[in-house]
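Here come two complexes built around chain A, the first alongside chain B, the second alongside chain C.
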Partner chain A sequence: MINVEIDGKLVETENGSTVMDAAHKAGIHIPHFCYHKKLSIAANCRMCLVEVEKAPKPLPACATPATDGMKVHTHSELAVKAQKGVMEFLLINHPLDCPICDQGGECMLQDVAMGYGATASRYSEEKRIVMQKNIGALISTMEMSRCIQCTRCVRFGQEIAGMMELGMAFRGEHAEIMSFVDSSVDSELAGNMIDLCPVGALTSKPFRYTARNWELSRRKSVSPHDGLGSNLAVHVKNNKVMRVTPIENEDINECWISDRDRFSYEGLNVPERLTKPMLKQGGKWLEVEWPAALEYVAHGLSQIVNEHGAAQIAALATPQSTLEELYLLQKFMRGLGSGNVDFRLRQSDFSADGKQVNAPWLGMKIAEINTRDRLLIVGSFLRKDHPLLAQRVRQAVKHGAQANIVHSSNDDLLMPVANKAIVAPNELLNVLAQILKALAVEKKATPDASVQGVEVGSAAAAIAKSLASGERAAVLLGNFAQQHPQAVQLALLAERISALCGAQFGYLGEAANTVGGYLAGAVPYGNGALFIEKRISPRRPKDVVQGMNAAQMLASPRKAYLLLNVEPELDMHDPQQAMTAMRAADMVVALSAYKHHATDYADVLLPIAPFTETSGTFVSSEGRAQSFKGTVKPLGEARPAWKVLRVLGNLLDIQGFEYDTSEEVRDAMLSGHNVADKLNNHVEGVAIQAVMSASDAGMQRVANVPIYSTDAVVRRAASLQKTSDASTPCVKMHGNELRKLGVQSGGAVKVSQGRATVRLEVQADDTMPAGTARVAAGHPATAELGAMFGTITVERA
Partner chain B sequence: MEKITNFFKTFLLYELVKGMALTGRYFFARKITVQYPEEKTPLGFRFRGLHAKRRYANGEERCIGCKLCEAVCPALAIKIEIAEREDGTRRTTQYDIDLYKCIFCGFCEESCPVDAIVETRMFEYYGDKPGDLYYTKQMLLAMGDKYEEQIAKDRLADAKYR
Partner chain C sequence: MLSEQIQTRINRELKKYPSDQKQSAVMAALRFVQDEKGWIANDDIADVATYLGMPKMAVYEVATFYHMYNLKPMGKHTITVCTNLSCTLCGAGDTVAYLQARLGIGLGEVTADGKYGLREGECMGACKDAPLFTVNNKKLCGRLSKEKIDQILVELDQS
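After this line comes the complex of A and B, so read on.
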């Protein structure tokens, strides 16, 4: 620790910190543009010039290391003169078009110019003009003349997003920020550049010229799109969400959010929004009043219970639903006497049901990922599924961690990956077994009997070696691994691996309430579930009604389905089977914010509020329960789903539906419980099966859920849908496989699975393992296909 | 002594005569009454009357939809909606001034970076029925078109003081 005197204030600061850091500690503001605490130091704006005693000239505070006994003056005559001089230079080429600039009112340059700018300019020559560039659907560069060359966006791309998509070309007055020739900015974190830009050079395209920032009220919310629970500031004007920005939370999203969180709000204001309850009568959809719709549902459900039994009713919910909605849904179902409730829509292996006592979670705090020195990430499209988590892994790798990947697709993670094992989905288990065996040898332990038979390959040996040499390792299972037909076996092996190398073992949560769904009990199994004592069943009050899981509900079709936010053709593991079940059902009640495909098979559409219009709670991957309030009023006659479920419960005379607020629902669930006690990844009573080498089972499907297809709101966000990540999925196969088919890359192929065949473009990707074809799920173009895993036929079209 | 003076003043109606003298003086003096509406008082170039929206000489409306007038308006009389026009410029889609609310403080005019919203010398207007004095963008532009000559002259006269 060293002592620095700033403006007469003595500050103790760490060795190696800068004058800027010390000033922050002392609570003294030094004007700056290029400096950002999360980015490297560039010192190219020169705004932070300060006077340091015994230094001949003013020094930039952001790049000057603090030394013991240093005396700094930030507001002395010399410092202010230097700062004003810099300001004048910066304003020479700045267009001063603040009245039409979207940044106006929240602009760093504007703010600093108020303090350090002159009233009039001495510069009377022509200002420079920088032409706009088209860098994609999200970021507007219409007024690049405003740029002051702070290079924050460039450094963000290099250091945080991992790809340098913007750079500074040319020199001096001709210097300008641009992307590579004709390429757009495609990073899934690119929207943060809008926040970083201290002037209005990079602005939000969807938000462009729609509102001024002083008209907006900022309301806190939480992102539903991934398991991180990013803190959002939802900006509202006239009861409409105008834009979304991050709220800084060092433990969760730092000061970033992904583009999915930032731009998904566009999906909230689309004409497709359902604003009135609708009933299908005689093949025609009629708009009706709420009481009529609810009566109809209550009557229909009780009729099915009476005629066919409660087990004929099934409920599906997306993991993006709030904790309160999931809790009331399962309570409603169990109140009817049916345990058929599930939120794990894309999961296919349910063999741990009832054996996993607590909710599976990340296994550590999100912030701890940065401090890991060895990582094994199994089955994850990390960058697209968890953009900000990938960013944390990137920071860990930058600080020396080794990332090891076991996956079926070799996506570029934009970071150095120590070892990779890219194999077909049905080989994943084998690779993990190999790693386990090799690790046991490394650690001089006896390998489990189940993995004795496998032959350790070089990749697995290298991964094991990497893991064995670390001190703070983590083994993480991604969405792909959790959706895998042998997910539980994968988890068991991963757990054994982490136990051997002392690693943290965790699951990357698919959506906001992937942990919360378990806590709410929205799973069909009873005895292991969490808040068992609060569930009410009229017949066996002490016992929890057990039922069918998501796969079983569809495999043996039920008479009635209750869909909470679900679009079965896009959200399910096997959309083909899901659609068959929906069409065969006597009654389908869709609680949805949108008039979606359900108009084909549903009988009732109940308009519910998306996350910005309802209060609720999300429990993130790390087990953090974050409650939020509604930011705007529900559109039209849409209502928060918890209210809808509450009234349905009342109509059917189910006990324990007397909640008046969503907080009461939450407290009924969580008060008196410590969420942390309910998180455990351990599976009891499932044995590790002997791992065999997979037999040749034909072409294997590798299905990712594209980043902008994850849930109903994102799928309708217009600007996100224009990005390259949202382009119509094409089949990706190894070049050799294409030659076998006799198809050129870029040609068309027929992809068949189950009963359906779709025509898609094919692309050669020589990093795909042999015998696999990557066909995205969750997209309308592939919605007719079957399960996300398994055999798929690809033929020449 | 004072008592005696007061007695005689009361007795001789001194106050009345004094008052009548003033009345008489004004009775014969030159009248300053303006015979409105036949006659009109002179108005300054900063007179703050009815609002108008101006155009440039090429017919393009000046307003860029910066909303500063809306933000500064103390009576919350201005309502603006903006959108990007096809040519990429920032334009208003709605610009209303509720003259029932307006207090004619002139802040809108002062805040305008492009002299688009101005207050004219026009103060003789009325509304027949409720809502008549809710001026929309079209009405304001029409005002501007009608009085542009006078407005431009007034701005020019005021320019050296700004």
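After this line comes the complex of A and C, so read on.
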């Protein structure tokens, strides 16, 4: 530690820190543009010039290392003169068009010019003009003349997003920020450049010119789209969400959010929103009042309970639903006497049900990922499924960690990967067994009998070696591994591997409440919340049956389905089977924010509020319960789903539905409990099966859920849907497989699974394992197909 | 695709740097492209980026930063006249005017037959020979007079 004096204030700061850091510690503001605490030092704006005693010239605070006994003046005559001079030069080519600038009112340049600049410009000559570039649907560069060349956006791309898409071309007065030959900026984190830009050069394309900063009220919320639980500021004007920006939380999202979190709000204000309850009568949809719709649902459900038994009713919810909604849904179902409730819609292996010690979770704090020195990531489309978590892994790798990947698709993670094993889905288990066996040898332990039979390949040996040499390792299972038909066996092996190398073992959460769903008890086992409120009294105790999980509910169709936020053709593991079950059901009640395809098969549509219009709680991957309030009033007659479920509970005389606020619902679950005690990835009583090498299973499907297809809100966000990540999925196969089919890359193929065939474009991707075809799920183009895993037929179209 | 000759030259250049610092060879690589083709197209920039494992934009930054990379087709013989202070004092203005008259093109232009290009350059560090120009950034021709320029052009015509 060293002592520095800034403006007469003594401050102690770490060795190697800069004058800017020391000033920050002392609570002294030094004006700056190019400096950003998360980015490398550029020192090219010169705004942070300060006077340092014994230095002949003013020095940039952001790039000057603090030394012991240094005396700094930020407001001395020399410093002020330097700052004034820099300000004048920064404004020489700036258009000074604040009144028509979208950044006006929240502009660093405007603020700093007010504080440190002159009142008027002395410059009357011609200013330079920089033409706009088209860099995609999210970021507008219409006014690049405003750019002051701080290069924050360039450094963000290089250092945080991992891909340098913007750069500064040309030199001196001709320097311009641009992308390579008008290519679009495709990073899934690119929206952060809008926040980073200290002037109005990079602005939000969907938001610009729709509101002024001072007209907006900024309300806190939490992202529903991935398991991270990013903290959001939802900006509201006239009861409408105008835009979303990050709220800094170093433990979760740092100061970033993904584009999915930032731009998904567009999906909240679409004409497709359901604003009145609707009933289907005589094949026609009628808008009705709430009481009529709820009476109809209550009556219909009790009729089915009476005639066919409660086990004929099933409830499905998305993991993006709030904790309160999930809790009341399962309570409602169990109150009816049915245990058929599930939120794990894309899961296919339920063999750990009832044997999972507690809710599966990340196994560590999110921030701990940065400190890992060895990582094994199994079955994850990491960048697209967890954009910000991938960023943390990227930072860990930058600081010397080794990332090891076991997956069925070789996506570019935009970071150096130490070892990769890219194999067909039915070989994943075998690869993990190989790693376990090799690791046991490395650690001089006896390998499990179940993995004795496998032959260790070079990739697995290298991964084992990497894991064995680390001190702080982590083994993480991605969405793909969790959706895998052998998910539980994969998890058991992964747990064994982490035990051998002292690693943290965890699951990457697919959505905001992937952990919360378990805590709320929205699973068919455990008879209610894991925070057990034991006395949920069924109306007729004899009706209590062992509940069915999401797959069983569809495999043996039920008479009635209750859908909470679910679009079965897009959200389910096997949409084909799901749609068959929906069409065959006597009654389908869709609680949805949108008028979606449920109009084809549902009987009742109940308009519910998306995350911005309801209060609720999300429990993130790391087990952090974050409650939020509604940021705007529900649109039209939409109501928060927890209220709808509460009234339905009352109508059916189910006990324990006397909640007045969502906080009461949450407290009924969480108060007196510590969430951390309820998290445990261990599975008891499931044996590791002997691992064999996989038999030839024909062409296997590798299904990712594209980043902008994950949930109902994102699927309707117009600008996100214009990005290249949202383009219609094409089949990806190895070039050899294409030659076998006699199809050229870029040609069309027929993809068949179950009863359906769809026509898609095919692309050669020589990193795909032989015998696999990547066909995305969750997209209308592939919604008719069957399960996300398994055999698929690809033919020449 | 970069030609075999360019690849060989880049490979030789790469030996000068650590294997994880391939980007150090970017300026040389761009020079090799220009030596062979006379100018550097965007496709070439992309090829160099792929070859050196760099982002395309990073190579583009370098290619646009330096004046001596031609980003549009120039003549077979591109004459770059220094117009900095020493040369101007010694009559660079006359040199430019004479070349423009002889070749019938302005600065930054190429003759219709593609044989000559003319552009302005910065100090070549050889002020004792002012006024001067270079041919294709390689050959320095100093102490220019009308006669000497004529003589050089005749030589270039024949080559």
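As a working rule, the second predicted complex is superposed on the first by the 784 of 797 C-alpha atoms of A that agree within 3 Å, B and C clash if a C-alpha of one lies under 4 Å from a C-alpha of the other, contacts with A are read in each partner's own complex, and residues count from 1 in each chain.
The rule is short, and it goes like this: contacts are C-beta pairs under 8 Å (C-beta built on N, C-alpha and C of every residue); 3 or more make two chains touch, one makes a residue touch a chain.
Small disclaimer: the values here were computed from a predicted structure and weren't measured.
Engineer: Where does A:Ser179 make contact in the superposed view: on chain B (first), on chain C (second), on both, or on neither?
Structural biologist: Second partner only, chain C.
Engineer: According to the stated criteria, A:Thr210 is in contact with first (chain B), second (chain C), both, or neither; which is it?
Structural biologist: So A:Thr210 only meets chain B here.
Engineer: Now for A:Pro99: first (chain B), second (chain C), both, or neither, which partner does it touch?
Structural biologist: first
Engineer: Figure out whether A:Met142 sits in contact with chain B (first) or chain C (second), or with both, or with neither.
Structural biologist: It touches chain B, and chain C stays clear.
Engineer: For chain A, which residues count as touching chain C in their complex?
Structural biologist: The touching residues are 158, 163-171, 179-181, 183.
Engineer: Which residues of chain C touch chain A once you look at their complex with the stated criterion?
Structural biologist: On the chain C side, the touching residues are 42, 45-46, 55-58, 60-61, 64-65.
Engineer: Applying the document's contact rule, which stretches of chain A touch chain B when the two form their complex?
Structural biologist: It comes out as residues 98-100, 104, 142, 208-212, 214-215.
Engineer: Touching residues of chain B toward chain A in the complex: what are they?
Structural biologist: 64-68, 71, 82-84, 88-90, 113-114
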